[in-house]
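Before I ask anything, let me first share the structure, which is written out below as structure tokens.
For clarity, chains are labelled A, B, C, D and E in written order, and residue numbers in each chain start from 1.
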């Protein structure tokens, strides 16, 4: 693991405008991503965890420049790619690849799998013709598929096999970073394990950096080195996984951990701090700390003041007014 | 196999099949289980294992164009359901046995108000007026702890959050005080925090009403959290059944073991920042159900498999204390633990 | 790690079987067979026809069907059977070329509209305008604009169809653009032209083909309608529409002049529709809602 | 909602402008000359020229266009070259029959189509479904005029049950009015019935496979309630859309039906005007048709909001 | 705009409401060959406009069934012995529909407008030096030379009739339509109930004072027989026939000949054969300005391509209703003649082609304007095209609607530049019977009709015919004229046919054969 970050994101903002009224003027915005900062080093997995609508998938797409950021900065392998137009971005795409969530719709149904996997090779002029086919065969083998399967179409594969195809495709151009957006959430448990193991093997083999997006804390814990917890477009806590699971500081992280079920009937009823209510709409996030509406420890100040993401302990970033720098990491109490 | 005394629902050797152009799919292939009054039974398995079809078969909701209950018996309070007329079956559904589904997003009718959808169930089965039905709907919404229930009655599903929709589904299912509630993946589509809320709500309501619950899920965590007994299904067959503690304590079927080893765990001691232990994989794919399966369905993927496993279907045997398992090699499996 | 275990065997692929295809889609088979018969009839019209379809013989006008004139004769004493056989040519040419031309134009415009947002606002305005004009009136106006002939009839029917196809293609392109595999291709470095030709275009073809079968069927009916109103292909051309239109005056005294070509027209349109329905079920079940 | 309607109405302006421009120049470039037609069978070339000058048809086209547009903006559609009557009057005279025919056709089509579409979807793949859909596909394939002649032959000529032709305004009494519309509505309606029935079936089939129908069935609701409330209301949007498309297509069918049944409606007026090159009438009519179409689309769009609470404007 | 239309629709309801009272009224519903679209019979030569005109306007003279003129509005008249001065006195009791009396001022203005527009009128006015009122009822017409067709012209029943309008209407520019249809005839036009393209309504003129003589075509008493005449327009002949059979209409002016056997069988329906000369003549017109038909030999070649039987069978079918007539002047008419008939003795395509070649035809395309929407012209054109093709002529058949044909035929340019070589048309037998009234026989070069035949001799003969004083002299000139016109090929006739009237004999009486124009006023309802 080298220290130079391969991907750096600073103050990233993505707003989707809402139009309305007689003249269809912009009347508001969905604040999908609302000022997010993080970085990933070579060979590292950064997990982005959060519930649906928290903006984690949007971050993935913005980082891939599949959608344009509203504000902020994206630095890919030392180069600022934030403002690059699609044409200029193209050369940088080699460095950052992606694995999609849905193994069923992320493959063009009308192309043989070999063509899909080999497409980036062609696009970047890396290999053509027989050379390409050979490389594709290697990739197939590497992800555990028979090379002959390159002639088959996506629908002829099972979900897990499709996900292997997606991995092979992402791998084909030797990227620095892979954005994996819920790559296993559509898979059955037994297959999920296969894919997760493969991802870890590949990371170790090629020194890949993963931006791993998931809602599943257990998966996250398994694959990540560091984890960022998101809530309504913001990172509320960011630290290494051990610290996160043993000493969560943000009330939301705590709530997530206590809500997760464990495959152990003996632990039944041990969950205590279940947050109530629903996630507010990102189009109308609450003022102050976004989480204050569901927080068990919210104070009056939380309702008005926006907590900054602070490094309260070395490598442990938290955005909570009740967790000051160098503060007591012990349990909070309701005000 | 002996029927549980006081069982409210008895399923015996159920076979449900679908005709497709590729052949007959044996979605449920000889499954039996009982549900006792007030009990929570979990049915767990991966997609395509036949757990949902089992649930649909109980309510006889298998689409008649393609599927049918080929054989077997389903008794509810001693009454045989497979031979009831469609009209009698309708009287039963939503009244004495009701069901909730995985996707609260799509399981509620988008063009009818929440109040109508709950009230119509009450009006249909309890024969009360629409006014009384609405009143009941209000009570139920209040019961599932939907804030401002009166106003929500006139709202449409799209105006509610996912969690609220699932609460509405529960309110609807419980509105006629059913004896059995079948919950098919009730929390799979929900966020973690909401899932926790809903599971808590279900447990609480079960205690309040005494309704037996059949909880169908692929999530071992949910099973461990909520059920009393568990049925594990694979390829349309029941492979294991045990009280929940016993199952998690010592899973006996290699498949169950495989499942438990394959999931990443949150509950074990956190490992150091850099280490990432390998997950246990179950190699291979689930069998194709259009082809008849000889022997144990799991044999091709099983590390313990012998020639006997591949040729002879293992019967369910009691391994002690109500722990049933269908495996020829229980002893070897036990020893391997 | 480069081990390929047998446990990663692929699910067996289904082999194509004619019988399965027919069983799955009996209507397509029926439509296809009917259409094939008609195509054979059109192609080999000179061999099948028993008389010269253009030959006017007033002496033999309005003869009922007989051994000599299988389907009787029309007001000019022309052989209705031969004209009907030749009429298959005209109807098929009209149907197929309208379907082909409007599909190609609609595809090009629809792709442009769906893919390039700036083109979209302009082109769609014009398409809306064209769509707002009742198609048969537009066709009549266009046909009077130029000398009637097969060509202008085809053009006249194509113009009002194009906006419809553009809409279908555009909608499909927009929905394909939102597909993860398109994003996946972009992320994989695929650029505009290739994205359009390799990923978007092929996936618009299924709904386009289905839509074009309906266009084909409706073009045949429109051709007949235009002939009926006296604005179709030149009267000597033996199109089914013309035969019916000319025969309509004699409906009560010589019903064969209208019923037989009418039946042929209906059966052809039926066949094309069946084919379209079958293709729709096969290729694009969601299109069913859009129609 | 009001903002939406206003916005939609504004959005129709460019559409109408495209229509106006297109129609005007299309007609002007068309061969054929009203002057020659007016002048009559025996008129000389000079006489035709004189008529043309009187009608202002010898003026530059751009000038004619501006004259027309200026009139339009004043709400004046001009005067028919032949009858010398204002186009607005000609149109208003013909409005009732066409509206009556359109509405009764729609009524016939919808009243037949929705029940059989629902029935077919309910009994999908059963013989009822096959019969109904076979009939629907056949209905769609039948040229309107062939059907019309068959209907006339049997119902009017052979059995003398209904009038052959003509239109009785509603002022003449309800029965004569209805009587005069039965055959034309049937002849025209079968096609649309086929179209709507097919869409209803397809839409119902899709809805019937939805989760909320499974929910409704799991509640043990009566089949009627599931089909007609839970399913049909959800299936309504595509059905309404196709009815909207149907209204647009009807206009073509109306032209033919009005010709066969001799109904003095707008369709017939348009064809006559085109064939006689009565420019002001054609222009006015096409604008009216286009406007009607735009209006129908608007009504359809608004009706979505009533059928589907998820749609907001 | 929509509001206005809607308002109009409601306003329209008022006359319909009035319709309730007419239940007891006697209504004649008639389907004519065309719809009343233009209300000015002078402005257009359309036959239907003149049928309309003949209902509401009176004329000074009226030709009887034998085309002999009799006084109609005129009470008495005198012709000076030198035949140059005509003195006309209007009969008593003539009133316009608005109640104003008919005066000589109205008459002179009407004749002047008609004379400026109508072909026959123009010819007459060529002889007239002045028309002057003597008093309100008497006026004189002075000619510069004796003209034998004065009264026939004033009573004519073909193309534009010399309708007598109010002076204020008659002062309208002849190139512009009159706005009000107010005449002094037996019926009044109900303009508010007129739906162009659908129906025109005429109400009985209760104040009309008919003559006392027995009615005969346009001559004699015009007694309005019903309270209301509705000229209903049914464009589809199939529908029109069914409507007659079903009793929905009373009168059908021109049922296609193929329907006649069915109508003969239909209960209550009767057919009335056309009068002696009111048949229709069909012919092929060649463009004399453009090659090859600028050469007389090429024109004569066309005679060898015409087998009249073929044409007539295609158009008419039943031989009962058609007549082969290789002549230009109506066969069966007063001036039927033998002149030039030898040209059409033989059908010989080979000879036709040979003649064409001799005239310098080298296989260039010959442009035929082919109407697609005309009951008789369309089939005739088809037969012609086939005959030409069989002869080996390169035919460029340009299909178009009749509206386009009438435009295109006025173009003098070469075919390649929008002109033409051949078109097919028809002419009424009444007009075609008389060399003066028959404009198509003329050869006045540019001033003539499309095709522009140019032959001084023909025009001379037509003038001479007009000036001839005796019937023998006329017949002799007519014979000579036809011989010359056939030789020059002003047009190529393909025969003559009748169009019987069909009507409900169980419902109406008093139907008489058409004489150029339908005579509707005498029809009564049972």
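Following the convention adopted for this analysis, a contact is a pair of C-beta atoms (placed from the backbone, for glycine too) under 8 Å apart; a residue touches a chain by one contact, two chains touch by 3 or more.
These numbers come from a predicted model, not from an experiment.
**Q** By that same contact rule, can you tell me which chains touch chain B and chain C alike?
**A** Expected: A, D.
**Q** Comparing C-E against A-B, which pair counts more contacting C-beta pairs?
**A** If we tally the contacting C-beta pairs, A-B comes out ahead.
**Q** If you average the CA coordinates per chain, which chain's centre is most distant from that of chain A?
**A** E
**Q** Where the CA atoms of chain A average out and where those of chain E average out, how many Å apart are those spots?
**A** 89
**Q** Between chain C and chain E, what distance separates the C-alpha centroids? Give it in angstrom.
**A** Centre-to-centre distance between chain C and chain E: 46 Å.
**Q** How big is the gap, in whole Å, between where the Cα atoms of chain C centre and where those of chain D centre?
**A** Measuring from centre to centre gives 22 Å for this pair.
**Q** So what's the Cα centroid distance for chain B and chain D, whole Å?
**A** 53
**Q** Return the residues of chain B touching two or more other chains; collapse runs of consecutive numbers into ranges.
**A** In chain B, 283, 285 touch at least two other chains.
**Q** Enumerate the residues of chain D that touch no fewer than two other chains.
**A** In chain D, 31-32, 149, 157, 259, 275 touch at least two other chains.
**Q** Residue numbers in chain C touching 2 or more other chains?
**A** Residues 5, 8-9, 11, 144, 230-231, 248, 251-252.
**Q** Which residues of chain C touch chain A once you look at their complex with the stated criterion?
**A** 1-5, 8-11, 13, 179-181, 183-191, 194, 198-199, 202-203
**Q** Report the residues of chain D in contact with chain B in the complex, numbered from low to high.
**A** On the chain D side, the touching residues are 124-125, 210-212, 214-222, 225, 229-230, 233-234, 307-310.
**Q** Quick one: which bits of chain C touch chain E in the complex? Just the residue numbers, please.
**A** Residues of chain C touching chain E: 54-56, 58-59, 61-62, 75-77, 144, 147-149, 230-236, 248-253.
**Q** Going by the contact rule set out above, which residues of chain A touch chain C in the complex?
**A** Those in contact with chain C are residues 61, 64, 66, 90, 93-94, 96-98, 100-102, 105-111, 119-120, 123-124, 141-142, 144-146, 149, 152, 156-158, 161, 166, 169-170, 173, 201, 205.
**Q** Across the complex, what residues on chain D touch chain E?
**A** 31-33, 36-48, 50-51, 53-54, 75, 77, 80, 82-85, 88-96, 149, 152, 156-157, 160, 163-166, 169, 171-172, 259-262, 264, 268-269, 272, 275-277, 287-288, 291
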